[in-house]
Every structure is written in structure tokens, then in C-alpha cells.
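Each structure below appears as C-alpha cells.
In what comes next, chain A is part of two complexes: it sits with chain B in the first one and with chain C in the second one.
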Partner chain A sequence: MAGNLRYFWALLAMTFKSAASQRGAVMLRAVFSVLTHVIYFPVWFVIFQYTPSIGGWGIPHACLAYGIAMACWGIVSLTAYGLRTLPQQIDHGELDSYLTLPKPILMSAALSTSRSSGVGEVFFGIGLILYAGFRYHIDLTWMPLILVMGSVVFASGILFFASFGFWVRQFFASAEEIYFNFSLMSSRPAPIFTGLFKIVSLTVIPVGFITHIPVAFIMTHQVHLLILSVVATIAYAIFAGAFFYMGLRHYESGNRFGVRG
Partner chain B sequence: MTNSSVAIDVNHLKKSFRVRRKSGFWKGLVSPVYDTVDAVRDLSFTVQKGERVAFVGPNGAGKSTTIKMLSGILHPTSGHVAINGFTPWIDRKKMAYQIGTVFGQRSQLWYHLPAGDTFELLSYAYDMDRGTFQSRMTDLVDKFDAGHLIEKPVRQLSLGERMRCEIIASLLHRPSVLFLDEPTVGLDVVSKGVIRDLVKAASEEDGTTVLLTSHDTGDMERVCDRVIVIDHGQLVTDQKVKDLRTGYIREKIVTLAMKAPEIALDIAGIRMVEKKPHHLKLAIDTRQISVEYVLQTAMQASSLDDITVEDPPTEDIIKAIYSGVKSEAKRSV
Partner chain C sequence: MIKYVHFARIAFADFMRAKVRIFSRFLIYMLITWAGVSMWRVIYHTGHAPSGITLTDMGWYIGLAQMLFFLSPRIFVVIDEDVRSGNIAYFLNRPMPYLAMRLSEGLGALAVHILVYFICGAIFLYVFLGGWPSGGLESVALGASLLITASIIHLLFQIACGLSTFWTNDAIFIYHAYQKFMILLGGVYLPISLYPSFLPPDVIHLLPFSAMIGGPASLVLGGQDVWTILALQGFWGILVFMGVRSFYALCLRKVEVNGG
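This part shows the complex of A and B:
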């Protein structure tokens, strides 16, 4: 366990070092990432000016949801971008070298890459959360836990869909489309998801546990919402991990294109 | 029971892949049909500790599939494998501390960072303490003359330099078994020579068992003591590299430079390879006729300026083995 933890930190440091090795590109991507959101987010101010409440959600909710979604998305991009590139790693047989190491394969694969635009997303997301906290007098005590949980759900969601790459060739582009929906849905007001969309947002693409329910908890302080989020986060992470290892067994069987020697 | 002197023990190893048969889009989606391809069929061999063995075969022979099963990457369909007593697909984690792997077509080095950084990361992967890691890395870097390489980002290294770093990375944790899959692929002649010598020296010094796959017979001759040839997933031959010539080649290549413009050597067992004025190149079937007799006959016909007697290139031996036809049969055609 201690050995795994040391390897985890060393791997994380290596990933950051690798991403930071092209300083100019890192800075530019971070700046452009912040700019994208600075340009995009004011649209919500305009919408809420004309419609002050969407199913009980106002601009403070929207700020929190958008901030949490972006910060979590950024955290995952920075620390575990390898999850997003997993279909490519599978296609190129890159898991082979992790399989010969005495350390967890998922850890090695997830932390193998970092995406520098995540810095901008984290800064923008946290900035927006702090703005909402000060501007609308919202208690942010639970925010660190919510960000951790949101990042775990994002990471698990990406892991689940990326693991289809064990069975489907060249799944990378399709997976990217699905990840985009995670980002999109999690930053939208919860009340717009009704019926089938609500079921989807709490099951297959569980963005409800990244922003919708946590935001409701922050605004109402109903503990059962936090407990629900914690349980769902753990359950989804276990489910995604199990699905990955099921795929890995398929990879180890060699009955897949690109794996054979 | 595991014999303590055996590093690699392979018994009746089989690996079959399910391959989807090509059909129309909808048919393939609704009712896919699969064929079974046998990549490795009933393969058995053992490698003693400290031995260096070349694992040779044509494309698709099952070399890489076998190495992947031995290193715990692929699970076999049936059969038994023990690497230092560990079953790779069951004891993968424990075994990982005892093996090193180099896949010539894949890198374990971080592309944008100096190789030294990857070495440090690997030291954590193998739970090495800082002191042991530092002294081992210094030792290997000296031996591989790689001091100037490990500070440069990997993307700036040539293929040969990168391969030197790959091998250092695979030896850092003192593995007792080293799997090398095409370690010299794409390298120039000089780099190949360097890599071969370094692998051999490192193995001799630490007593590391080496199993090496390659298409290059130079790797086999310069690094290994023994060669296992497989084809269609089956063992074709398993013998000492030096015995390969005597076992498979009964042919000598004799080149004569003569005073006379031409001589007649119409003797059974001689095949003309090249004929020019004052020059003859002959392939002699040593089962039918001795080299000495041919030379005596030639000297009776003309005085000779020069004589060269050579074995055919090893590649020809391997080709003969691949085709399943021993050299004597080949020559009789």
C-alpha cells in the first residue's frame, strides 16, 4: 500500500513535469481555456436576467454548478487525462508495459498523461465558486468534498465509457463525444433535466451527482442529499473500475485487434 | 516441482485467438461469426538460469505472443508456464519484480522528459530504496556510456540512444529474466552492434537470463548461446547456436581465383554459384564430396591464386529451417 502511494505521487509528479515541459503551450492553453469560459458563462447572466428562476434555480445555482463542473473537469484533465486517452492506449497496445509493472494498471494508465488546459478550468471553476460564495453569501464549507466527489464521478464516467475501447476499435472519437456531454450536462441547471433525461443524469451519465444534487445540498443543507452523493460516487467508481477490469481481462485474452503479437 | 536452476519452464503452451470473420456490416453486427486462429500450438521448452536464448521465427510464427504470455501480458488458452517458479498470469505482480521487458517497437520512456526521470519513476514502481537506485543507475549509465543521454529529453535521442536507455530502464531493478522483443529493429549496423554487446555484457555480469526475439540473425549470433526456432506456433528446432551450422548446413561455399580462364569441374555434389573468367564460386555438398577433393581436382586443372572456403550465411540456415527443408534436401533440388 505504501509502495503504491509512493508510486502514485511519483507518477503524478512525472505527469505534471511532462505536461509542464512545454511551458509556452501550457500557459497558452490555460489562458485560452479561461477565456473560453469567460466568454461563454455571461450567457447565463443574460438568461437569468430574463428568466430569474428555472425550476427554482437562479444565477447563484448556475454559478455554483458551472464552477463545480469546470473545476472537476479541470482536476481530472490535469491529474488523470490518461483516462480520456484510454481507448487510444488500448488500440496501440500501450497497456502492455503497465502489465509488466508490479503496480496497479489503472493507476499507471490514468496518470500517464496530463492536459494543461486543466489549469485554466480549475482556476476558472474555483474562481466562479468563490465569486458565488462571496456575492450571494453561500456557505462553501463542504465545497472541497464536493469537488473531490465530482472529480471522482467525472473520472469514473470517463473510465466507464473509455473501457468500451476494450471491445470497440478506434473508440477514442466516440468516447470524446460522450465526455463532452458530461461536461455540458453537468454545467446546466438541474431542473431542465426531466423524465428520461433525469434518469440518464442519475445513472448512465451521472452528472446529477457532480453538480445537480451537490448544488441542492449547498443551497438547502439537507444532509440526505450529501449522503446520497457520497454513496452514488462510491458506487459509480466501483462500477466503473469493475467494468475496466472486465475489459482488461478481454485485453489479456488477446481477442482484440492491436493486442496480438 | 520447480527445478531451481530453471528460469523459464514452458509446457504444452497454447494460445488461440478468436477472429471475427469478415461479413457485411449488419450481418457482422447481428450475428458475428468467429474463426479460431492458433498462434501458439503445444510449445514446450526450458531455459536455464543465466542462459541467453534467441527466439526466432518468421512473421506470425508466434514469437511475440509467446513472450507476451511469458511476461504476463496475455493469458494462454492452455498449458503451463513458470518464470522463476511463478505463473505469469496468476502471480503477475510478484513476477514483475523479477523480469525486465524491452519491446523494440514500444517505448517505456517518457517522450518529453529525460530518460533519467523515467528511471526514477521506475525505481518507485519497483519499490527500490533511494541508495540502491542511485548506485544501480550510476553503474548502468557508466556501463552503457549513457551519462550524456539521460539528461536529454527522449524525443531528442536517436533510435539507438533511446534503445540504450530502454535497456537500462529494464535492468534497473536487477531482473533475473530479461525479455527482449526485437530490440534492434530499425537500428543501424553500428547501433545494433553496441546494443548486442551491451546486452551480452550485462547478462554475463549479473547472470541474467535473456530471451530475445528477433528477425536479425546477428542478434542471435552475437548475444545468444542457444536458439529456439518456431514456426506456425510450433517448435521447429532448439539447439546451441554453434550447432546450428553443423546440424543444418552440409554445404560449403568455395571461391577460387585461377590462373586458367576456366576449368571443368563436372563432379556430383558441386553446384555452380558464380562463373567468370579466372573466377569460380561453388557450393559443395559435403555429404557427397569433400572440400579437399574438390580443391585437389581444381589444382590439377589449373594453379590457383587464391582459395576461400566459407559457411553459408546464418540467414540461409534460418531460411532453410523456416521452409521446413533442411539444407541437404534444398541442395538436392
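This part shows the complex of A and C:
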């Protein structure tokens, strides 16, 4: 366990070192990313200019939801970009090299690939959360825990969908589209998710546990919502991990051979 | 010219075979449209319905506006891969312009998506919204036709995003920036005519994003004139095409500097 933890920190340090080696590109991405969100977020001001609330959700809810969604997306992109490229790694047979290592394959696959994106999202997301906190007097004590849980749910969601790559070839483009819309859906107002849509948002695509329920907890301070989020986060992470290892058994028995010169 | 037709034909066949990809994309389209319409359903129920626009009309508007993002293939990813892997150097030696090759492939894939989204998308929207918009089937057909020309402009923008990899080493965040501009200035979540004064609709209507999304989609609301949208699309299409060509020439100089 301690060895795995050391390995985890070593991989994480390597990711940040790699990002630091391309300072110019990383800074450009970060600035662009912040600008993108600064340009995009007014769309919610436009909507709430038109209607004062959407089923009880107003600008403070939108700020928190978008901030949490973006910060979590950024954290996952920054620390575990390999999860997003998993379908590509499966297609190219790149998991072979991790299978020979005495360390958990999921950790290696998730952290060994780095593309240092996400810095801008983290800055913007946290900035927006702080803005909402100060502007609308919202208690942000539980926010660090919510960001950690949201990132775990995001990462688990990405892992779950990426694992379809074990069965479906060339799934990378579809998976990328799913992840991106995953992040967009989590910033939509909770009251629009009703009926079957609500069930989907709390199970297969659990955007409800990234933003909707945590935002409801922050605004109402009902402890059972926080407990529900914690339990759901752990359960979904276990489910996604189990699904990955189920696919991995498929990979072990059906990988293609290749020659590299 | 015939070689480009073959590239388009091969891409068409390739995309037709990828049934999982088509299915998963369409599923996302349905989900996103569902979310957009659900938002408006809540707004209508709380008594903030825009005057003269029924919920069905708004649903068709949202459905058509979202469709633009799904009609074109993600061609910027292919160019991004070509640049980052260095494969672009192999394509440059071939007796055909690289950009024209990728564009014809994009058009081939676009043809597949047109078939899927215009048939399945229309059925989905009809069933989900419970009927045609006030303008009837004709307005949907007109809006959809203009989405085809809009998708070609979208492909050109995607090529520009893909080529940006020469400087940024990653096109996806440039594409996301472009996409977010489209959402805000294209009127994806709500018709541009409902925008507040700090985003003046008269100015936004003239931008390429509106000509690509809000313009065609607003035909179901009986909004803009078809010929005005077409003229705007023509103007922006030519401008973006010339811009992409100049940008590509600049990129080629960068390839020579790096040695390919």
C-alpha cells in the first residue's frame, strides 16, 4: 500500500514536471481556457436575464455548479489525463507495458500519460466558486471535499465510458465527445432533470453527484445530501473500477500483436 | 477533382461502417437536446414563455441548433494527430493538397451524418415534441438545408483549429474555445432575438456563429429571411476559406523550419 502511494506521488510529480517543461504551451492553454470560460459563462447571465429562476435555480446556483464542474474537469485532466486516452491505449496495445509492472495497472495507465491541460479550468472553476461565495455570502467550508468527490466521480465516469474501448474498437473520438458533454451536462440546472432523465443523471451518467446534490447541500445544509454524495461517489468509483478490470480480462485474452522497429 | 470524390467516398464508407460511433453520437445528441428542451419546459411552466413562440417551436429550434455540432465529423482531431505525430510530412509529399484531402474526407463523413440526423433526428424531435413547428415541415427542411452549408463552414473552422496544433501542441482547447463562442454567439440555448441589450441581437446576427446556428434554426420560429442567412453564410464561408488558406501557408513555413 505504501509502495503504491509512493508510486502514485512519483507519477504525479512526473506529470507536473512534464507540464513545467512546456511552460509556454501550458500558460497559453491556461490563458485560453480561462478566456473561453469567461466568454462562455455569460450565457447563463443571458438566460437568467430572461427568466429570474429555473425551477428555483438562479445565478448563485449556476456559478457554483459551473465552477465545481470546471474545477473537477480541470483536476482530472491535470492529474489523470491517461483515463481519457484509455481507448487509444487499448487500441494501440499500450497497456501491455503496464501489465508487466508490479504496480496497479489502472494507476499506471491513468497517470503515465500527460498532456498538462486543465490548469486554466482549475483556476477558473475555483475563481468562480470564490466569486459566488463572496458575492452571494455562501458558506464554502465543505467545498474542498466536494471538489475531491466531484473529481472522483468525473474520473470514474471517464473510466467507465473509456472501458468500452475494450469491446469497441476506435472508441476514442466517441469517448471524448461523451466526456466533454459529461462536463457540460453537470453545469445544467438540477430542476431540468426529471423522470427518466433524473435516473440517468444519478446512475449511468452521474452528473447529479458532481454538482446537483453538492450544490443543494451547500445551499440548504442538509447533511443527508452530503452523506448521499459520499456514498454514491465511493459506490460509483468501485463500479467503474470493476468495469475496467472486467474489460481488462477481455484485453488480456484478445490483444493484437504488433511489431515496432 | 476525381481524387477528392474518392476520398469523400472512402470516408463515407468508413463512417457508415462505424455504427457504434454513429449510435453513441446520436445518443449524446438526444441527451443534449433533451436537456435543452427540458430547461425551456421548466421556464414555460414558470410563466416566462417568450411571446409568439410555442414550446414545440422552441424545441425544434433547440434541436436544429444542437444538430450543427453533430453533423460535421471532428476533423480537427485528425489534423491535430497528423501534426503531433509528424505524419503530416508524409502527406505533404503526395501530389494532392493536404487540406483539400482532409476537407473532402470531412465532406464524406458529413454526408453520413446528414442521412442519420436528418432522418433519425427529425423522427426523434417529432416524437419528443409531439408535432412539427408552427412553420410546418417546410420550415424544418429549409433550416436543415442551411445547416448543410453551415456545416461546411464549421469544417473550415475545425481545420483552422486543427492547424493551430503547430503552435499550441494541442488543438482540443482551441476547438473548445471556438465551440463556446458558438454556444454564446450562435444562440444555441436560446434564440438571439431574446438576447438582452448588452449582447445586441442586431450585431450578433451579422457574425458567422449566428449565420451557422441561430439563423438556420430560427427559420422554424419564422425569424430571419432565408436569403439573408444564405448571403451571410456565403460571405463568411469565403472569408474563412481564404483565412484557412493563408493560415495553412503560414503553417507550411513552420514545417520547413522544423524540418517536417
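The rule is short, and it goes like this: the second predicted complex is superposed on the first by the 252 of 261 C-alpha atoms of A that agree within 3 Å, B and C clash if a C-alpha of one lies under 4 Å from a C-alpha of the other, contacts with A are read in each partner's own complex, and residues count from 1 in each chain.
Note that in this section a residue touches a chain if its C-beta (ideal position, glycine included) is under 8 Å from a C-beta of that chain, and two chains touch if they have at least 3 such contacts.
Keep in mind that this is a model prediction, so the values were computed, not measured.
Q: State whether chain B and chain C clash or fit side by side on chain A once the two structures are superposed.
A: fit
Q: Considering only touches as defined above, state whether A:61 meets chain B (first), chain C (second), both or neither.
A: The answer is neither, since A:61 touches no partner chain.
Q: After superposition on the shared chain, which partner residues are touched by A:25: those of chain B (first), chain C (second), both, or neither?
A: Only chain C is touched by A:25; chain B is not.
Q: Once the structures are superposed on A, label A:43 by its partner contacts, choosing first (chain B), second (chain C), both or neither.
A: In the superposition, A:43 contacts chain C only.
Q: Figure out whether A:168 sits in contact with chain B (first) or chain C (second), or with both, or with neither.
A: After superposition on chain A, A:168 lies in contact with chain C alone.
Q: A:177 in the overlay: touching chain B, chain C, both, or neither? Say first, second, both or neither.
A: Second partner only, chain C.
Q: Can you report the vertex angle at chain A, computed from the C-alpha centres of the three chains with chain B and chain C as the arms, to the nearest 10 degrees?
A: Once the two structures are overlaid, it is 90 degrees.
Q: Chain B or chain C: which reaches more residues on chain A?
A: After superposition, C is the partner touching more of chain A.
Q: Tell me which partner A:212 touches in the superposition: chain B (first), chain C (second), both or neither.
A: Neither chain B nor chain C is touched by A:212.
Q: Considering the aligned complexes, could you tell me the closest Cα pair distance between chain B and chain C in angstrom?
A: Superposition on chain A places chain B and chain C at a least C-alpha distance of 7 Å.
Q: Which chain A residues are contacted by chain C in one complex and by chain B in the other?
A: Residues 22, which sit in both footprints.
Q: Which residues of chain A touch chain B in their complex?
A: 3, 6-7, 10-11, 14, 17-18, 21-22, 93-94, 96-97, 99-103, 252-255, 259-261
Q: Going by the contact rule set out above, which residues of chain B touch chain A in the complex?
A: 15, 17-18, 39, 62-68, 71-75, 89, 92-94, 96-97, 99, 101, 103, 106, 108, 110-113, 117-118, 120-121, 124-127, 153, 181
Q: Inside the complex, what are the residues of chain A that reach chain C?
A: Those in contact with chain C are residues 22, 25, 28-29, 32-33, 35-37, 39-40, 42-43, 46-47, 49-55, 115, 117, 120, 168, 170-171, 173-174, 176-178, 180-181, 184-185, 188-189, 191-194, 197, 200, 205.
Q: Quick check: in the complex, which residue numbers of chain C touch chain A?
A: Interface residues on chain C, with respect to chain A: 18, 20-21, 24-25, 28, 31-32, 34-35, 38-39, 41-43, 46, 48, 50, 74, 77, 167-170, 172-174, 176-177, 180-181, 183-184, 189-190, 194-196, 199.
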